[in-house]
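Okay, got some structures for you below.
One chain, chain A, links the two complexes that follow: it is found with chain B in the first and with chain C in the second.
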Partner chain A sequence: MIFKTISKKDFNKFLEILIENNNFFAPQKIAKDKNKKPIYDLREIKNIGDIDFNYDIIKYPPRRFFLPYREVISSFKIENNTWEQNIGYETKVPRVLLGLHPCDINSLNKLDKVLLLGDYPSPYYAIRRKNTFIIGMDCEPKPFCFCRSVGTHTVQHGCDLFLIEIGDSYFMEIFSNIAFDFLKKVKTKDTTKADDDEYKRIRKLKTEKFSAKVDVTDLTKILDMEFQSDVWKEWGDRCLGCGSCARVCPTCYCYGIEEKIDLKFQNAGKLKILHACTLVDFAEVAGGFNFRPEKHIRLKYRYYHKHRGFVEAYEESLCVGCGRCGQACLAGITVPEVISSIRE
Partner chain B sequence: MEYSLKYQDVLSESKKIKPGGRLNRKTDLGNFEKTFKSEITGVIELTPLEKLFQVQIINHDERERFSFKPGQFLMLEVPGFGEIPISISSSPSRRGVVELCIRKSGRVTNFLHKMQRGSHVGIKGPFGTCFPMEKFVNENVLLIAGGLGLAPLRSAIYYVEENRNMFKDISIMYGTNVPGQMLFTYQYETWKKIDGIKLFTIVQNPDKKWEGKVGLITDLFEEITIDASNTHAIVCGPPVMFKFVCNKLNDIGIPMEKMFVSLERRMHCGMGKCCRCNVGSTYTCLSGPVFDYWTVMNLKEAI
Partner chain C sequence: MQYLGVDLVKPKAAFFDFSSCEGCQLQIANNESNLLDFISLMEVINFREILTGGKDDYEIAFIEGSITRDDEINRVKNIREKTKILVAFGTCACFGGINKLKNKFNDIEWVKKEVYGNYPVETNDKVLAIDEVVKVDFYIYGCPVNKPEVEAIVQSIALGREFRYLKHPVCFRCKEKQNICLYELGKICMGPLTRAGCGARCPSNGNSCIGCRGPAAEPNIEFMKKIMKKNGFTERQIRDKFELFSAFKWEK
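Our next item is the complex of A and B:
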C-alpha cells in the first residue's frame, strides 16, 4: 500500500483538475428532512465550491451509479415474424465519485462478488465499475451505524483513493495506478512517523465511537434455529411490506425484468428494474402461487438472504451496517434490533 | 499528464478486468443477454391449456453447439412480451430441435399460444442442473410426475428409452387432476412397449370415459413393489406433491439422496443475479432446478 499526505489546499487543486476534465459527482445538500436536518446526495458538480464537505451521510446509496434503478438491457426491432436484437450495455462516460464512506465502498465490493465474479459476470455492471474513479473519505460514526460489527468500517480495496483527515491535511491511501498517476501533478508528501501515529489515533478513536452494535457470532446457525420463531411474526406485524429498506440499501441487487412493446408492434424494450424481496409479488410463480405470501415471511427472508445465505456462499454478510434501512423504515424496524431480538 | 479518464470497453478487455484495485481475478465477460434467434417449426396441441412447440435455432453454428441434459431448462424470449424459464421436453440426443411443452398461464404464454409455425422466438441456455442419469446406471428407476411435471420428465424418459440396457426396471407414474389434463397421451403406447417399462396413471376427478385408477398419485404405490436397496427416483410436479411423494418413498426405504426433484421458482435471469429464484443460500437457477431431496430438506422454505 502506498501512503501519502496532501494539504487541503493542494487537494482542492487536484479536485479542480479532475472536475475540469471529467464527469464529477460529489456530496451536496439536496433537501431537508422532517427534523430540518439536511439531506445529502451525490450530484454532478462543475465548481469545487459546490461540494459540501460537511456531509454526514450520502442518503441514497451510490449503488445507483452501478446498478441503476431501471435500465434498458436490450431492445428489439420487430418486423413481421422476425426481429433483431440490440444489446445496450455501453455507457460511454467515465466518471469520478467523491466522498464515499467505507461502508459504501465495501458495499460495492460485495456487489462485485455477485456481479463480477459469479458464473455469469454482468457487463452492464462491469462497464460502470471499471469506468468509475472513486475517492473515498473517512467518516464519523452516527448513532445508527454498525459497520464495525460487520467489519466494513475500514477499506481494504474497492476504491482508487481513500482519505482520512489529519489536521490541515489528508492522509491518503492510494489503491490504484490511475490515482497514483493523477496525483503526480500536485504536491504530495511521503508520510512521516507523526502522520502514521495521528492516523492510528484517529482510527482508534473512531472505533470506540460506535454506539449501535450487532453481534454476528454464529448468526447463521442461530437464524436457522429461530426459523419458526414468533419474533418474526411480531416484526412482520409492524412491517408495511413497502420495500423502502431495499430501496435505500447499498447492497440490494434483486431485480425484475419487464418487457414493453409499442402499439405498432415494431419496437420492444427489455427493462431491468430493481425489485425488493419484501414486496408481495417477489416470489409469486405461475398460477398465482406465492412462496412468501406473508409479510413476516418476506421480512425474514430479507434477513436470511443477507445474514445467512450470503454468508454461506461468500463467507461474509450482505450487510455493511450503514443503517440506512432503519432510517428509511416507516415502521422503525432496524437491523440491530431485529438481530438482537432473534438472539434472545 | 492527461487528467480525463479513459473509457474502457469491458467486453473486449474482459480478460483483464480489474475493478477498484485488488479484485484482479481474470474475469471473462460474456454477452449473456444475447439470445439465439430460433424458429418455431411445429406446434402440437396437447390439451386445451398446453401446446408442444418445436423450436430450432436458426444460426447453424449456434445450433450445432447447443446441447442439453434431461432436466435442464432454457429461457424463452418472446420479444416485447417477456422471457420465461421453460423445461426442455425433448430427447437430449435429438440435435438441432428442442420441444417445449407450454401451459397457457399469463402474458407471455398466452401470446405464445397464438404464435404459428415460422415465427421467431429467442432462446438462451441451457440453464441449470440435470437429472443425474449416470447415477441411475444398473438401478431401478422410478419416474414420478404430476400434471405439467411430465414435461421435464419426458426428456428423461427419452433418455432411458434410448439407453435401455443401462437401467433395470423402469416405472413411470403419472397423475393429474382430470383425464383431460394428461399430456403426451399419444406416446403412452410406445412407452409401454419398451422392454421392462411400466406406466401407471391416475386421476383425482374422473369423467365418464375414464376407466383407470382414481385417487392421488401416492395411491399408485399400492400397485408396485419397490426394491428400496437399488432404486433411484425422480419427482416432478406441483410443490404440494413433493412432500407427500418423497415422504412415501422415504417410508419405503429409499434414501433422500437417491430422490431427485425439480423445483419451480419465479425466474427472471437464470444466471444467479435477480434473486427471484433464491431459496436460502441457493439459487434455483444455478444449483437447481434439479436437487436431490436431502439438499432440499436442508433448505429452509424449499418446499
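Our next item is the complex of A and C:
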C-alpha cells in the first residue's frame, strides 16, 4: 500500500483536472427533509464549488453507475422474417465517482464477485467498472450504520484512492496505478510518523462510534434453524411488498427481462430491469404460477440470500451494513431488528 | 402485417364515452410521434373524438367514464351485446372515479344544488363503475390512462400475447427514479398501496400519489393506515386519499 498526504488546496487542483477530462459525479445537496436536515446524493458536477464535502451519506447507492435500474441489453432490427442483433456495451467518456464510503466501495467488491469473477461475467458491468475511477472518503457512523458488524467499514481494494481528512490535508491510500500516475500532476507528500498516528487515532475513534450492530456469529446456521420461525410471519405482516429496500440496496442484483417492440414492429429490444424479491410478481412465471406467493416468505428469502446463501458461496455476506433498506422502509423493517428477532 | 412470421391481429375497435371528462380518450390522441402507428394497430370504426359517423360491427369496445344515468345503463348494455371484448378504459370506468364521490351523500338533491346550482340536471342517485352494470373483460387503470401502457396493451392484442399488469406498488418505480420519498418530506402518499404502471408520475413531480390506478395486487392496507397515522396524518386526511377515486375501500 502506498500512503501519501495532500493538502486540500492541491487536492482541489487534482479534482479540477479530473472534472475537465471525465464525467465527474460528487455529493451534492439535493433536498431537505421535513426536519430541515439536508439530503445528499451523487450528481454530475462541472465546477469544484458544486461539491458538498459536508455530506453525510449518499442517498442512492452507486450501484446504478454499474448496474442501472433498467437498460436495453440487446436490440434487434427486424425485416420480414430476418433480424439483425445489436449489442452495444457502453464505452463512453470515463467516469469519476467522488465520495464513496467504505460500505459502498465494498458493495462493488461484492458485485464484482458475481458479475466480474463469477461463472458468467457480465460485459455490461465489466466495462463500466473498468471505466470508472473511484475516490473513496472516510465517514462518521450514523445511528443506522452497521458496516462494522459485517466487516465492511474499512477498504482493502475496490477503489482507486481513499481519503481520510486530517486537518487541512487528506491522508491518501493509493490503490491503483492510474491513481498513482494521475497524482504525479499535483503536489503530494510522503506520510510522516505524525500522519500515521493521526490516521490510527481517527480510525480508532470511528470504530468506537458505531451504535447499530448485527451479531453475525453462526448466522448461517441460526437462519437454517429458524427457517420455519413464526417471527418471519410477524415481519411479513408489516411488509408492504413495495421493493423500496431492494431499490436502495447497493448489492441487490436480481433482474427480469422484458421484450420491447416498437409500434412499427421493425425494432425490438431486450430490456433488463432490476427487480426486488419482496414484490408479489417477483417469482411469477408464465401461466401465472407464483413460486413465492406469500409475503413473509419473500421477505425471508431476501434475508436468506444476503445472510445465508451468499455467505455459503463466498464466505461473506451480501449486506454491507449501509442501513439504507431500513431507512427507506416505511414499515420500519431494519436488518439489525430482523436479525436480532430471529436470533432470540 | 406480420411480426417474425406471425400474422398480427387487427381488431375492429370502438371508443365510447360515458360520464367522464374525456381526458382518457384524449390520451389516445396524445403522443403524436407514433400516433399513426398506434392507430393502425386497430381498425378504429367508432370514435367520436376523431371520427365522424361510426359503425357498429366492432370487436373491442373501450368504455370511458362511469354510469350516472339510466340511458347510459341501456347504452352500455347494448355495447356489451355487440362487442367481443369490453375494456373499462380509465379510472372512472374501472372504479367509478371522482364521479362516485357523490355516492357518499344521502341527499342527492343537496348534491345537485351544491354542484350545479339551479341548472337542471338528470342524474341517478348512485354512480356505478362499468362492471357494476355489465361484464368487463379487461381494465386499463389511470386518471388519465398512461399512454405508453395503453400502447403496450393494444400491441399485445395485435401480437396475440397476454398483457401482464404490474402487480406491485408505485413505490418500486418511484425509488427507481431516485426520488426522495414524500414521507421524508412530511407529505402523505398512496404509492405503497397503489398499482404501479404510471412511472410514478405524481411523486416524481413532487406530488402525493392519490391512488388513481387503484390498489396493487396485494396492498397491505391496514398496516399502511397505521404508518400514515404514525407519520402524523389524521384519519380525515387518510380517508380523503383513500376515497378520492372510489378505488380503495375504507371500512375498518
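Keep this in mind: the second predicted complex is superposed on the first by the 343 of 344 C-alpha atoms of A that agree within 3 Å, B and C clash if a C-alpha of one lies under 4 Å from a C-alpha of the other, contacts with A are read in each partner's own complex, and residues count from 1 in each chain.
Just so we're on the same page, contacts are C-beta pairs under 8 Å (C-beta built on N, C-alpha and C of every residue); 3 or more make two chains touch, one makes a residue touch a chain.
Quick caveat: nothing in here was measured; it's all calculated off a predicted structure.
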One more residue to check, A:V280. First (chain B), second (chain C), both or neither?
second
Once chain A of both complexes is superposed, is A:W83 in touch with chain B (first), chain C (second), both, or neither?
both
State whether A:L330 touches chain B only (first), chain C only (second), both chains, or neither.
second
When the two structures are laid over each other on chain A, which of chain B and chain C touches more residues of chain A?
B
Where does A:F265 make contact in the superposed view: on chain B (first), on chain C (second), on both, or on neither?
both
Mind working out whether A:K295 is in touch with chain B, chain C, both or neither, as first, second, both or neither?
second
Quick check on the superposed pair: does A:I127 touch chain B, chain C, both, or neither? Answer first, second, both or neither.
first
What is the contact status of A:V248 with respect to chain B (first) and chain C (second): first, second, both, or neither?
second
Mind working out whether A:D196 is in touch with chain B, chain C, both or neither, as first, second, both or neither?
neither
Report for A:G118: first if it touches chain B alone, second if chain C alone, otherwise both or neither.
first
Touching chain B and also chain C: which chain A residues?
78, 81, 83, 261, 265, 284
Counting only contacts in the complex, chain A reaches chain B at residues 17-18, 20-22, 73-74, 76, 78, 81-83, 85, 87, 89-90, 92-96, 105, 108-109, 112, 114-123, 126-127, 129-131, 133-134, 156-160, 175-176, 178, 181-182, 184-185, 224, 227, 253-261, 265, 268, 270, 275, 277, 282-287, 289, 291-292, 297, 301, 304-305, 308-313
Residue set of chain B touching chain A in the complex reads 1, 3-11, 14, 17-23, 25, 27-35, 37, 79-83, 103, 105-106, 118-120, 122, 239, 264-266, 268-269, 271-276, 278, 280-282, 286, 300-301
Which part of chain C faces chain A closely enough to touch in the complex?
1-5, 8, 34, 37-38, 41, 151, 155, 159, 164, 166-169, 171-172, 175-176, 178, 180-181, 183-186, 191-193, 216-218, 220, 223-224, 227
Sort out for me which residues of chain A touch chain C in the complex.
30-31, 33-34, 39, 41, 59-60, 64, 69-70, 78, 80-81, 83, 237-244, 247-248, 261-265, 274, 276, 279-281, 284, 295, 328, 330-331
